[in-house]
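Two complexes come next, and they have one chain in common, subunit A, joined by subunit B in the first and subunit C in the second.
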Partner chain A sequence: MARLIRTEKEVEGRYEDVWLVVEEDALEQWPAGPGEIVGRPAQRVTGPLRARGEARYTADIRLPGMLQAAVLRSPHAYARVKKISLEPALAAPGVRAAIGPGEVEVLTDEPGFQGQAVAAVAADTYWQARAALELVEVDWGVREPLLDPDEAVRRGQLVGGPSRYERGDVDRALAEADVVVEAEYRTQTVLHNSMETHQSICEWQGDRLDVYISTQSIWGVRDEIAAALGLAPDKVRVVCEFMGGGFGSKNGANDHTFVAAELAKRTGRPVRCALTRREENLASGNRNATIQRLTAAAKSDGTLVALAGEFVNATGWSGWASSTDGPMQMLYDCENVRTTLYPAKINTPPMKAFRAPGFVEGTFGLECILDELAAKLELDPLEIRRLNYASSAADRPLSSKNLMECYRRAEPHWQRRDEVRARSEGPWQRGVGLASQVWYGGGGPPSYAWVRLGSDGHATVITALQDIGTGTATAMAQVAAEELSLPIDRVDVVLGDSARGPYAVTSAGSSTVPSMGPAVRSAAAEAARQVIEIAAQRYEQEERVLSLSDGQVVSSDGGSWPIEDVVGLLEDAQILGKGARGPNPAGMQVLTFGVQVAEVAVDVETGEIRVERVVAIHDVGRVINPLGASSQVEGGIIQGIGHTLSEDRLIDPQTGITLNQTLDAYKLPTIADVPEIVTELLDIPDEHLTNLGSKGLGEPPIVPTAAAIANAIRDATGADVRSLPISREEMLRALAEAREKEKREAPATV
Partner chain B sequence: MPELRINGETHSVDVPVGRTLAETLRNDLGLTGTKIACAEGHCGACTVLLDGVPVYSCITLVHTVGEREVTTIEGLREHPLVAAFVRTDALQCGFCTPGQIVSASALVASNPDPSTDEIRHAMAGNLCRCGTDPKIEEAIATWQG
Partner chain C sequence: MKLLQPSSLDEPIPSNTVLLSGGTEVVPLIRDGLLEAETLVDVRGIVPRGIDGTRIGAGTTLGELEVDPDIPEALREACRLAASPQLRNMGSVGGNLLQATRCWYWRLKFPCRLHGGDVCHARRGEHREHAIFGNDFCASAHPSDVAAALIALRATMQTNRRELPVEELYRMPSEDDRDVTTLEPGELILELDVPRPEASTYLKAMDRQRWSFPLVGVAAARSGDERRLVLAGVAPIPWVLDSPDDLESATPLPGTAYKVEIARALVRRALEAVA
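Coming up: the complex of A and B.
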């Protein structure tokens, strides 16, 4: 029977009460350690389709009669459309429709950033649509853009109120501290650059709208479009079977989807709207730049007594305040903490979530200033972290925390320090640094799954979830196979279609596996229970003596029957198990933790930096697929190396125009930039967290990488780098500053 | 009307001058295994072979292909590299993967036992935003099983 309960739902630290239907009693967690399938390396179930070029991404969908759209985007950072004429475009070859400001809400006549959508055209071919855009006549009134986030804060121009947090008495603690360090850190704007750009195809079927979209959130897109167009939610069907990366940027419908829906309505044809790479790097979001003015204070024994930070997020024309202040509030046991966060509204493209938004930036500042403090106190950086270990969150108990064990596992890597430094030679100075990680990742309800078991003894997991490349489908297959005692090649996973499966969670916030895994397990358990009930009746056994093992129903008296014989009684019909994600532990906070140790070499003459080795030790509860998990960790670290050393979205400070919109000018890491990466996952199930004990892993590995590298650079050279990316210019500036400081502090000689 | 030799078959394609090979493969011939991620020759997702040499098909005009044999991922589906990429988990979202495998196939054809440096040199023109690079290196280093 369906049981309705009231429970807490947490998304990246924000709690709300929700109603939840739970359909059966909770299952006991599996014992710690690998099972038959869960906890053992599994090849990606979609691997062959993707590797053979058979997977059909949104980019590959071609519907009969499909038109192509192109969007006219503002060439100015801040402007007003005084007059616009679509007529010449409508008369161009192949053009079927054109829309301008106000004809759909996402098209504006007052763009606030370069790249904001103003008009759109649908034509028989993409190049016809692009050519027609050139004919649209616009009379622009160009305005003076505001590009300096500090100036926006001074003017009170914010996208939301400043958020303030204080515990204890920071001013008193600072006055009484033995050592105080103050420093300003800066992080740059980083572009997601998913390989598949944002794109959608919209097709109306009467009053129903089919949306094929590259998305991380099938249900979020459904609800957003339904609300905007005044449709009942299930009149909108959202499909995303294969998806070419998102990293946080694809949680919404975005302008291109609304443009495609409107043009499809006007033409009666399916319409595709796909961003070019250059549009992607203007209009699809970014990790916003930050300025962090931080203070850390300690007693002479290293006990932290105060942490304070003023954080300015260069949010852009719209967006939300990602939690740059979060790590400072959460990572250490410090009685006195004060943070202020200003989300500045400026004439740059809006931010979107990007893999641990806010925490990547905030961890860079916090974990660097902690090492600056340790250097001043002449304390070992690993020791100061242990000394100030927070055994619970500030306001509620943690469901589990094994960061101290991560530190213990980091020791042998940290102890390589002397040997690494000793390999310094000529201009190449070597050093080791570390940084800790805290992030969310507990997932939560609601999330649902079905498991269908056919008479051939094959199971199908059905849920309207998207696999954004993280290996979700594989993890779900493993969980179902483990519960059903089937080999994994007898479990299929069908996902990616809001009309063909139950509600599933958004793939964001490291929540997919911890939200969906328990739902899939409970669905599989429900199917397994039915198999046993049927077998008990057919073979005249008591249910309590029957269990599933190795594809068989086995009896404690030695009898056994293949599952396909039992389900085969139903002929073409199937058993259907339904499962729901249960609630998170009431009153507790679920967090992920970890530590990374980086080894670097710095050429002190040229400022060149090479990352030579990164060790990642994370605690994310039970690990479902160690192979896929190691890939996730490597990917996070490589993206981290990108924003630490080379990636930087550049804006012309006069006009607000983005100068590097291409993958040539915007420097992603290549295979030649990748260091040795060592992954260690503790694999300790969180005993309080659902029937799996698994937390999410998508985001934790990118969080501490930049700070670990910057701290390794300090270890190698004595220089305090405080700005990302650590370009050669920044490296040489920090080296010169370190030399000046050394001169000033050296005893006078005669 | 140019004739193209693709994966051992001959195709007549009636497309205007100026069309790229990538667009022709994907839009005119339905060979969507070749991906377009930047459309301006920067990322390698669209890599195909012309007479065994990897090229970016998004900046190769179809009328310049001539007699050369075009090999796309559809022609390499049984190549041992495909199994090696799956075995080593050398793909995440998979959008760059066909291009990676096409590039790697050219490398191992001329150099069946490439060193780490040779792999990195040959593959640096294929970007992977998911960061599967260590696994790609492993897949190519162990492609023969």
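Coming up: the complex of A and C.
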């Protein structure tokens, strides 16, 4: 029965109160451990299509008569368009339409960051559109940009109010503590750099709009466009069959989609608007830089008594306050915690969600200061984490938490410390560090799926979900195959089209599998139930003696009938099972946990850092596809290594111009930078969470990587690295500081 | 835009043309509006390619040089550590010597001194990748690993007009002439002659393990008692050190002081390697 509830919904650490219609989740969880298909490694069902180049990404779509759009973006970080003339562009060869500030809401005459959209043209070819942009005449009034986030905070220039959190009495706890550590940590701005840049093709069919878009949220895009254009939501159809990465940057329609929709309307032709790599790195979002002024205090036995932090997010010209303060509030059992978070509004490109937004940054600060505290207390870093283990969230019970088991599994890797250090030679110093992870990832309702079982005994999972490259389609096929006891090659998955399937969740906040998996299972179970009902009538059996096994309907008396024979009775008709995601456990918080252990080598003369090994142990409930899961972990760690060591979006301090917009200058890790990665997932179903007990895994693996590496560097060299990226410059600075400190603290010799 | 593909050096090369070999540098520069030309001349039909003893055709790719065991270590290593396999399979050694700086201000067309302006934006702005020597007028860093190696090896080059040491291909930009090479319009590098040293090496510090221009590159070569040290990524042109002590006279900017420290370590190691 459908039930209407008022509930808190969490996406990427942000909560909102929503009305939800949920359906009861009547299925018992499968027993823990691998089933026939679920819990066993499955190759991507879309692998051959991708390998053969047959997978159709948004970037591959060319509609008949399609025009190409190009966007004029502000060359200034802060400016006013005093005058603009589109006429010369309109007269250029091939140009079919041009729009300027105000003609679509996303085009502004008061840009607040370099790259903000100001005007756009559509032409027969992309290069004609680009050439026409050069002809647009703009009289700019250039303004002085504000680029310093601390200064923005001083001026009260924020994108939202500061958020304050306090439990206990931090000041008193600090006064009574035996050891107090204070330090300032900084994280840099990094760019998503999805392989497929942001892009859309818009085509009007009368008063209906078709949008082909590289997106993590086909329903979110549908609603956003419908609202902005004043259309009924179902007049907008959103399609995304294959996607080349999003990492949080593709949750919305973005300027390019509205530009394409307007130009398509004016020209009566389909219009494609695709960002170049440079536009991608200016105008499609980023993980904002942060400044974290932290205090940690403990008793001499290692009990944490106070944690405090002032966090400044360099949010950019717009955006929201990602939860840099979250880990400090959630990771440890500490009675006295105080955080203040300021989202600074400055003239830099706006942030967007980026794989565990806020938590990646906040975990770096928290997990590093905890190691600095442990060093002062002469405590083992793993031990201090166990000592201050939080068995419940501050305000409510957890649906499950097995972080202690992660720590236990980390021990053999942690114990390699002496052996790793002993391998130091010459300028190469080696060490081991670890860091813990907390993040959301429980997903939630609503999410729906249909399972169609045809007379050939093949099943099709249908849901208007997007697979953003994480292997969602494979995981859904596994869940349906398990429930129907069909081999996985008899299950197809149809997704990626808002007009061809029921509502499905946004692929953000590590929520796809935990939201969709239970709905798919539920739909498959309903289809299975119908197969059994039909078989019972056809073969004159009692339903209770029948079950599905290995592609057959089997009876406890030994009879068996292939599923295709049973469904074949229907000829062209089919069985349709419908499934819905049930509610999350009432009153509980659902979180994911983990720990990573990093081994590094540092050349103390040149500042070169090599990450040699990372062990990732995460607790994300039941694992559907261990193969897909390990590739998520590897991807997260590699992205984390880029964040830790080499990636750094640079801004000219005078003009606010982004200096490294291209991939030669903005340094993502290459395959040569990838260490040995060991993935261990606990695979313990969360008994309170849905009919699967699965949580999400997209984000957890990137959360602790930077802190684990920084702590390993401290272990190897004694240097406190507190600023990301740990470039050669930062590494050599920290080493020099450590030498100075040692000199100061060395006992005077007479 | 026109493309000429001459097959003989006797064919006249019109003025206002841009010469193109592998295209890994020229094509992006044209696309970014940093080079303008109505006519491109593909020189692959007229510039020799291949290795013959100590002589190397200027059209030889970095990919070909890095795998030839007869090429001195410093040059092979400089090729191997440059760019990516895709780029090394296209880029020619002659073209590599003529690369423009990676200075982001220059690449983004800030009106800097190399562009004829009167200010070096890097000196007052973001300059972590910039110069520690000869950086008073312009703080750009020369990106070529290969040039440093060739100069350390005392290579010479033959153009269609003259023969000169590779070292003399470069000049410091100045108020009167912002160019960093001595190449005349229409002058074309044809061939290199690379003497065999007794020992040589190239060491390179990068922001990541591969596909990165040098923060500091150190080429060292020794023949008998004579040692030669040349640095990449530290000055507007490849920088010859008369002795390791020259590092103490570096003039780093606030954001490039770390490069001096790296150079000290790499110079010491390079000298040990060729000892």
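The rule we apply is simple: the second predicted complex is superposed on the first by the 728 of 750 C-alpha atoms of A that agree within 3 Å, B and C clash if a C-alpha of one lies under 4 Å from a C-alpha of the other, contacts with A are read in each partner's own complex, and residues count from 1 in each chain.
By definition in this document, a contact is a pair of C-beta atoms (placed from the backbone, for glycine too) under 8 Å apart; a residue touches a chain by one contact, two chains touch by 3 or more.
Note that the structure is a prediction, hence the values are computed from the model and not measured.
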Original post:
Just subunit B (first), just subunit C (second), both, or neither: which does A:A253 touch?
Top reply: neither
Subject >> Between subunit B and subunit C, more extensive residue contact with subunit A >> reply: B
**OP:** Would you check which partner chain A:T276 touches, where first means subunit B only, second means subunit C only, and both and neither mean what they say?
**Re:** first
**OP:** Could you say whether A:P653 touches subunit B, subunit C, both of them, or neither, answering first, second, both or neither?
**Re:** second
Original post:
Once the shared chain is lined up, is A:Q639 touching subunit B (first), subunit C (second), both, or neither of them?
Top reply: first
Original post:
Where does A:E729 make contact in the superposed view: on subunit B (first), on subunit C (second), on both, or on neither?
Top reply: second
**OP:** Would you check which partner chain A:V238 touches, where first means subunit B only, second means subunit C only, and both and neither mean what they say?
**Re:** neither
Original post:
Between subunit B (first) and subunit C (second), which, if any, makes contact with A:A672: first, second, both or neither?
Top reply: both
Original post:
Counting only touches as set out at the top, which of subunit B and subunit C does A:L133 meet: first, second, both, neither?
Top reply: neither
Original post:
So, A:V600: does it touch subunit B (first), subunit C (second), both, or neither?
Top reply: neither
**OP:** Name the residues of subunit A shared by its contacts with subunit B and its contacts with subunit C.
**Re:** 664, 669-670, 672
Original post:
If you look only at subunit A, which of its residues touch subunit B in the complex?
Top reply: 43-44, 46-48, 50-57, 59-60, 62, 192-197, 242-245, 247, 276-277, 468-471, 627-628, 630-632, 634-639, 662-664, 668-672, 674, 677
Subject >> subunit C contact footprint on subunit A (complex, rising order) >> reply: 427, 603, 605-608, 610, 645-646, 650-654, 657, 659-660, 664-665, 667, 669-670, 672-673, 727-729, 732-733
Subject >> subunit C residues within the subunit A interface of the complex >> reply: 84, 102, 104-105, 107-108, 121, 124-126, 128, 205, 207-213, 215, 255, 258, 261-262, 264-266
Subject >> subunit A-facing residues of subunit B, complex >> reply: 26-27, 30, 32-40, 42-43, 45, 72-74, 77, 82, 85-87, 89, 91-98, 101, 119-121, 123-137
